[in-house]
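Structure record follows, encoded as structure tokens.
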Amino acid sequence: MFAQQLVNGLVVGAVYALIALGYTLVYGILQLINFAHGEIYMIGAYVGIAVLAVLGTMGLTQTSLALSIVLVFLIPMIYCAAYGITLERVAYRPLRGAPRLSPLISAIGMSLFLQNYVQVVQGARDKAFPNLLELGSFQLFGAYVNGLQIFILVLAVGLMAALQLFIKKTKLGKAMRATAQDRTMASLVGVNVNRVIAFTFAIGSVMAAVAGVMVGMYYGIVNHHIGFVAGMKAFTAAVLGGIGNVTGALLGGFLLALLESFWAGYVSAVYKDIFAFMVLVVVLIFRPEGILGGSGGEADRT
Amino acid sequence: MSAYARVPLIGLWFAFLALPLAGWRNSLWIGLGCALVVLIVSVARASVQSGYLAWPAGRVKAGFTTAWSFIEEKSYDKRYWSLFLLLVIALPWTLDRYSTDVLVITGIYIMLALGLNVVVGFAGLLDLGYVAFYAVGAYSYALLNSWYGLSFWPALGVGVACSALFGVILGIPVLRLRGDYLAIVTLGFGEIIRLVLNNWDNVTQGPNGILGIGRPYLGDMRLYKPMHFYYLVLALCVITIFIVNRLDKSRLGRAWAAMREDETVAECVGVNIVYTKLSAFAFGAAWAGFGGVVFSAKQTFISPESFTFFESVIILCMVVLGGMASIPGVMLGAFILTVLPEALRELTLFRPMLLGGAMVLMMVLRPQGLLQAKGGRHHLERDEPQGEAGAGR
Amino acid sequence: MLELRDIHFYYGHIHALQGVSMEVRPGQVVCLIGSNGAGKSSTLMAICGVNAVARGEILLEGEAIHAREPDEIVKRGICQVPEGRRIFPHLTVLENLEMGAFLRNDASGVKEDLDYVCSLFPVLHERRAQRGGTLSGGEQQMLAIARALMSRPRLLLLDEPSLGLAPRIIETIFEVLARIRDEGTGIFLVEQNAHLALNFSDWAYVMETGRIIMGDEPGVLRDSPAVREAYLGE
Amino acid sequence: MRKKLFSVLTVLTAAVFLGSAAHGATLKIGVAGPLTGDQAAFGEMLKNGATLAVEEWNAKGGVSVGGKKMKVDILWGDDRHDPREGVSIAHKFVNSGAAGIVGHFNSSVSIPASTVYAEAGVVQITPASTNPKLTEQGFSTVFRVCGRDDQQGEVAANYIVDKLKLKRIAILHDKTTYGQGLADETKRFLEKRGVKPVFYSGVVQGDKDYTPVLTAAKQKNPELVYFGGIHPEAILLVKQMRERLGMKAHFMSGDGIVTDEYYKIAGKSAEGTYITFTPDQTKLAAAQNVIKKHRKRFGKEVGAYTIYSYVAMNMILNSIQATGSTKGEKLAAHLRSKAWNTSLGKLQFNKKGDVLESPYVLWQVKGSKFVQIN
């Protein structure tokens, strides 16, 4: 049972972590809780379904599986990036420098808007997400492990490592860090701050898109309100790890999912969410900077 | 003319965004619609700037500003208040049962919004889990009534006390948190309360909720019609407004204002932060408890579904939309956000979407809210952009 | 090379700059002195495009730059060392310097300039792997200047470079500034330490409550009774 | 100025509220359910059933009340399965002079709304709310044409014990009024038959990952997993049981999972699922007519609750025509007075307003469709 709960938790953790990245990146750079981020993830899943439908009618899913998989991830990534950038441009940029509450309300409004927009155009019923990857399963230390789970875990961890490297090593990554630390100064050395902020939203959204498609493939079912719960959990994960801290998001995501998984398995399934929120509250009260320290903390934000 | 060159591009962009979700036909319309809106806005702006319409536009704007500030000013005038009260007392006689019921709900929300306004507007503490106190009030009446047969009037007191107590209980651990972190902890707290109500089956009946909650009695008269509740809620609203108004002007109110503007400075001039903060939470929560008791008496049925995070958001929106720290503003906000959705019931499907869009638009165009608070801008201070995350400083 | 014409700027409701006009000629060191809150930093931020001016023009070699984004202004060769240094605290010294060269794409030139600024301030070389936030005040000031130089500016704007530093360090910094000036970079200096500023510059402006009240050669200002009383403490 | 301001205010306020005024000589019947939102699929069934019935009546010229033919007008109410919306709609219906109500769908909405209808004396027939509490409140004007969860639980328990002969049962529910109610009734009847469930737990509705709780259930080696809840959770549960954890145990649930989505999305994993549900309407001779009409009118097959909604609407309209009244008490008395011949077969109400015969039978998912097995 322990091994099985570990597997359960790791896969969910990968999803939490990917979404948490979006919260953390944006918070790091704007000190803004991007409430609408969960909806971007949801949109990612829906775009994935649309792509699959088109590929299906073209017959590509039969003839070229590898290309299909690439497209099923790539197109939602592009779309979500576009949504993220638009979101920032419409709802947050006009409010830069406004009282702190304004962008938060605007974010909540945007979240409502997007969620219900999808409901209007896509209908409220659950949508099936056809599974492309029929991978077998095997047993490991008494736990059932599914090929898809391995695929998700590897993809998520790989992406996060790539992001880490990107932020650490590239010029744009450094510009992101510089902008997060001192926006005015970054503009004084020639960084186009607006572009960097838009880019940050894009990256966060790309990660969310991947999470959305992964969740669609994994659970096979998608609806327009998956963004809220996932968003809340991912946000908790980001806070747990230290909001504004990219490694923290990864750590927080896995930690929260594992704690939840063990709690649900050993203690109580219905009190699972209470437990998650308890963790959030306790961490914030006793260690508000999170495990690794947040954007203002000692730890580097990479 | 680059402003016009942007128009088709913006249209194309939104059509592109809509494409995979809405299908190509709808996307086309969405793109056209967006382009049209942008076009109208740019034409209007250009003609105002170039002087074409500058004069009439200026007149309209000036006229509107004057009219609005007249309303703003008068909304604080006591004489108008009493007139308004007369109007409100007469109102239900001209209305049907359903509209009166909507107004009862509006009244409950006015109480809630005024209570949240104490926490957010007066004291500057962003609370995203306010609905928890509402739930505590509602459940304390529901449970005491169904177990011990406690009647409405004493329950009103007990509910308020319970909620205030919860306010303090929440307040103590979060004393040293500020800004966003406070918001998140309160959000978490709100969810915890809801989940406990949903899962503690033995006590709260879990998701089934509590049925058959007793109606209040006034002497021998059983209050059950919307009209009855209308006057009950009206009376409670008047009390709420009176007390909240006095609080704002009291010593405590000034301490809240000082704490809102700068906690450290407030502490330096002798404001007891612990007491001031806790009292803000307690007072805010108390009104939520008030509203909760009335709500359960009105519904005769409550379940955890009525106390979701979305509810907290709506109440917060009322405060912000109306104008933070402005009592008439908050009331207006509550009125708009309860009556408008009812009026738009035909548009059910689009309602939450429009609400969301309106929230964004409002923040962009008039972030201070409809009626600005008297005596200047009240808002949560934004940290310097380079500021630290806001906690533990 | 740089000209400000009747610049107005509002900070919220405060009319912070009320018609500022001034000029920096090529090869000149120009200083701006004034008391706290006179609008000196606002002027620098307006030049750099951070503060959006409400009215007036800023011309760089005849080209209007006041409606441009900060990064475009940096690209045109103006770089500021802002008040309080504003080092990126979590980036290493080396990364801070690299950020200074953000807009440049000539890797070999950047490498060269890195060596050059390290020769100007050898301590930065020693501390290159350390986080910016861990440096002392003087080292941070050196890093800030070095970072600005990494963009190869034609005009360097300095906001209170001497503030809060020990005399020995101020001396080092001004020696370096002199060297930069001699190599042909224009310098626009904002200083509260009027002695220091007037000694170092070729032309000086005096600012009070958002207006330029005087502009002349340093010698003339030094002899003006008003300046002597208000800024030179005599 | 003062006067002006207030006259403007009064007019504005009045304008907002006095939107609906004009009353024609139509008969108004309220139909309420989750018309939008995540349960819109069910709302649509209610909607189509009621529409079909009303269109039939109107084609015949309407309902004759006191010798006068009145056209029937449906008032739609979207409660989005929110109890408070439900109460608000109830007031709206009562206020608009609705002569009867078909709805609501969810028990959690029907129950609070029933108070309003009962206090106003309006007859309410729900086509789908199965929670026993609804009719246990003692309101004389509340009816349901569907079964009750305790009846359903009994059928499920008996089948498990008698036919499947299983001993190790795990019970899960989604913590909703419906789901938990059903699970608890099933548990009660199982225990009555001497089978004590080996595992009992709620799951969080709206969650996506149920592997933790399923893993815990798996530890107990259940031979059958019973789930009280609706289809989205059931899909995830059965998929995760089979695909993630390799559990071979049977899966059984109630009428809440009967939608096409269930077998379409869950695919192979759904095969063999047992469901307690009402007898196959498509095999009912009485229902054939409706099914045909529905296909013609809406271009698709009837849903699980379409005919219930159709029957409920017809009962109300028939009673109005028979009694010549729209008074709730009279209609209620008439509804109780006889055995009804409906498209669902013979129906008769007891004193509480429930149908006399337990209507539940066992179904199974076979070859990607629901098949009645007894």
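A few remarks follow.
Chains here go by letter, A, B, C and D, matching the order in which they are written, and residues are numbered from 1 within each.
We take it that a residue touches a chain if its C-beta (ideal position, glycine included) is under 8 Å from a C-beta of that chain, and two chains touch if they have at least 3 such contacts.
Keep in mind it's a predicted model, so treat the numbers as computed, not measured.
Counting only chains that touch, the fewest steps needed to get from chain C to chain D is 2.
The most distant chain from chain B, with centres taken as the mean of CA atoms, is C. Rounded to whole angstrom units, the spacing between the C-alpha centres of chain A and chain C is 42.
As a whole-number value, the distance joining the C-alpha centres of chain A and chain B reads 29 Å.
Averaging Cα coordinates per chain places chain A and chain D 37 Å apart.
The distance from the centre of chain B to the centre of chain C, with each centre set as the mean of the Cα atoms, comes to 48 Å. Shown for chain B are the residues that touch two or more other chains, namely 198-199, 349, 386.
Shown for chain D are the residues in touch with two or more other chains, namely 36, 175, 202. The residues of chain C that reach two or more other chains are 86, listed in rising order.
Contacts between chains form some other arrangement here, matching none of path, ring, star or all-to-all.
Chain pairs that touch one another: A-B, A-C, A-D, B-D.
Chain A contributes residues 27, 31, 33, 43, 46-47, 50-51, 75, 79, 82-83, 86, 90-91, 94-95, 97-106, 108-122, 181-184, 232, 235-236, 239, 243-244, 270-271, 273-274, 277-278, 280-281, 284-285, 288-289, 294-296 to its touches with chain B in the complex.
Residues 171, 174-175, 177-178, 181-182, 184-194, 300-301 of chain A are the ones that touch chain C when the two sit in their complex. Against chain B, in their complex, chain D makes its touches with residues 2, 5-6, 9-10, 13-14, 16-19, 35-36, 78, 80, 82-84, 87-88, 91-92, 94-96, 108, 111-112, 115, 119, 131, 133, 137, 175-177, 180-181, 202. Those residues of chain D that touch chain A in the complex are listed here as 36-41, 175, 201-204, 206-213, 215-216, 218-219, 231-232, 235-236, 239, 243-246, 261, 264-267.
On the chain B side of its complex with chain D, the touching residues are 71, 74, 80, 83, 87, 91, 94-99, 101-102, 105, 198-199, 201, 206-209, 211-212, 224, 226, 299-301, 303, 305-306, 339, 342-343, 348-349.
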